[in-house]
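Let me begin by presenting the structure, written as structure tokens, before commenting on it.
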Amino acid sequence: MKVGIADTTFARVNMGSIAADEIRRNASVAIERVTVPGIKDLPVACKKLIEERKCDIVIALGMPGGKEKDRMCAHEASLGLISCQLMTNTHIIEVFVHEDEAKDDQELAWLAERRTREHAVNALKMILHPQELVREAGTGQRQGFPDARPARR
Amino acid sequence: MKVGIADTTFARVNMGSIAADEIRRNASVAIERVTVPGIKDLPVACKKLIEERKCDIVIALGMPGGKEKDRMCAHEASLGLISCQLMTNTHIIEVFVHEDEAKDDQELAWLAERRTREHAVNALKMILHPQELVREAGTGQRQGFPDARPARR
Amino acid sequence: MKVGIADTTFARVNMGSIAADEIRRNASVAIERVTVPGIKDLPVACKKLIEERKCDIVIALGMPGGKEKDRMCAHEASLGLISCQLMTNTHIIEVFVHEDEAKDDQELAWLAERRTREHAVNALKMILHPQELVREAGTGQRQGFPDARPARR
Amino acid sequence: MKVGIADTTFARVNMGSIAADEIRRNASVAIERVTVPGIKDLPVACKKLIEERKCDIVIALGMPGGKEKDRMCAHEASLGLISCQLMTNTHIIEVFVHEDEAKDDQELAWLAERRTREHAVNALKMILHPQELVREAGTGQRQGFPDARPARR
Amino acid sequence: MKVGIADTTFARVNMGSIAADEIRRNASVAIERVTVPGIKDLPVACKKLIEERKCDIVIALGMPGGKEKDRMCAHEASLGLISCQLMTNTHIIEVFVHEDEAKDDQELAWLAERRTREHAVNALKMILHPQELVREAGTGQRQGFPDARPARR
């Protein structure tokens, strides 16, 4: 099994290294890493990780800014990541941390690390233990901030 | 005939189990189920259910949050689900329940269950009894909340 | 020649039957009809009409609600219909009547019928008499409400 | 060399005829013309001009209305035109004149004609004299209203 | 190695020439250049540079105006550039400078030049020294305006 990691020089936290660290702590799988300038460069970077470097799943990491223009970039990147998955029949776990989700730099760094680590674990579950995710279905899982509570009638 | 069910760990109701229950009550068809972290992971999950696990139709279940960012995620997921259908010539019934459609958790759970069950029945009609849908054409069917009334001149 | 008709159970007017009636009044062509739950199910339904049931053109009929969420659904469906056309080199005439275009139910039913009939005629022109459309180029044609006047210098 | 021209019956100016006239004034190339109801019908019309009628470039002409719904239609059509170009490796020059760009009908007619003529010349440059466009790089060219001035440090 | 450069006549700065100059200063690679009217013509121009003129990477340069319509054009162009990359497994570095990012013409010219030069260097790193980008991962790199500071817990 091989896990791809794609991140950006635009981000203000080294999300790629954190993802690699979490993958290594939890499983013995090969890792391929690439870094691109910004989140709009991620879709084709992931496609190349899948098709040229034979990754079984990819974690795509980015940190969009808080302005309207940045939100649009994130939207475009997300659509590209979904297209890429459909073209390759391979999952890409998108881990985007929007700058305006955090109240200050310290929380931003905390959130980026925590969300990255939780999604790295999700990526491993998807390729190694998919039944674990079925057991968590509908339980309000969140990555970074606390989980939501399940809703009951 | 085989029905695929894809849902998420993000949702606050186990929509996948409800869909499976409703399918089993109404027909003798095989069921394939997968759970992914969030709604943006659904398009490729559905594609794999169709192409790798040979489903004839898929029910894609999700519960987007009520914030602007969540609405954008739902939009991106929907576009991916439509692309997936066009790539595979296979219907995917999208069952999204937006958190802000319900006034409280209890109504949210009720709505999620009811919409899921009604759409599970729709999925069966599409593959087993498509003429029943032609008979319902233009009758203002809604899933969850009450149907709309037909408009007359 | 074969004309496909795809409509929805969500609509509050039986647009599919109206389209079929108008086609029959104006030409001797075969008709294939399918009804799906909502407008987001239309793109793949049209693709199947074109590829599996060999339609030369398809009329896709729907009635989006008046809320922001409904407008987004219509947008997603429209993008899917355009993709479908590009994948098949076949025209799909989209006939969407937005609930908020009419002031009451009576006008809504009138508008849905009139727009459907006018576009059914357009579909026939496209496959049988394309030069008639060239003669109408730039004349401000509208379907349903009155035509716009041509602009002159 | 063959130039395709696709326009609409929705437009309030016969943009297709103007484009054909300008092409004929400036070059000896074959012209293929098609007219469709609205701008959302343009993408597949262009694809058919390219693939079935062997056009080397296409001019796609439309006049979106001034309402929010019309802007969305134009957006959808534009995305379709871009997809079509990517699928065929062929340029399509989009010439859209939004009704709300002009202060009255007279200016609208003037703008539609002028923008159409300037873009018809662009289309010819693209297939016959691409180096002329390189010489105009970064010079603030506009089609219709006056050019912008180049910005200097 | 061959670098493609695509720019527009719409831009108010000759971004293509600046990119070519920066590429030549930093590496001995072949350059292919094309200029198109506007940013929506860039996606297919890039595809042709990749597929017909065999570029290993392309720099796509544009200067969208400050109005809502211009922002939509930029969005459409960006989606096309991402699709193009996915279809070709080749990176395209998008260098868009929005007119409203600068306070006057002088700053606009300065920003366009600086962002173009910095991204030209990024393009070279991507094809010649990809490990340099991994070393810059998460360091808040910006092109044009000053870099952002990394966030720490």
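All chains are identified by letter, namely A, B, C, D and E, in their written order; residue positions are counted from 1 within each chain.
We adopt the following convention: contacts are C-beta pairs under 8 Å (C-beta built on N, C-alpha and C of every residue); 3 or more make two chains touch, one makes a residue touch a chain.
Please read all numbers here as calculations on a predicted model, not as lab measurements.
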Reaching chain D from chain B through chains that touch each other, fewest steps: 2
Rounded Å distance, chain B centre to chain C centre (Cα mean): 25
Whole-Å gap between the CA centroids of chain C and chain E: 40
Per-residue multi-chain contacts in chain D, two or more chains: 79, 83
Arrangement of touching chains [line / ring / star / complete / other]: ring
Chain order around the ring, beginning at chain A and proceeding next to chain B: A, B, C, D, E
Residue ranges of chain A in contact with chain E within the complex: 7-17, 33-37, 40-41, 43-45, 47-48, 51-52, 69, 72-73, 76-77, 79-80, 83-84, 87, 105-106, 108-110, 112-113
Interface residues, chain A side, partner chain B - complex: 71, 75, 78-79, 81-83, 85-86, 89-94, 98, 119, 122, 126, 130, 133-134, 136-143, 148-153
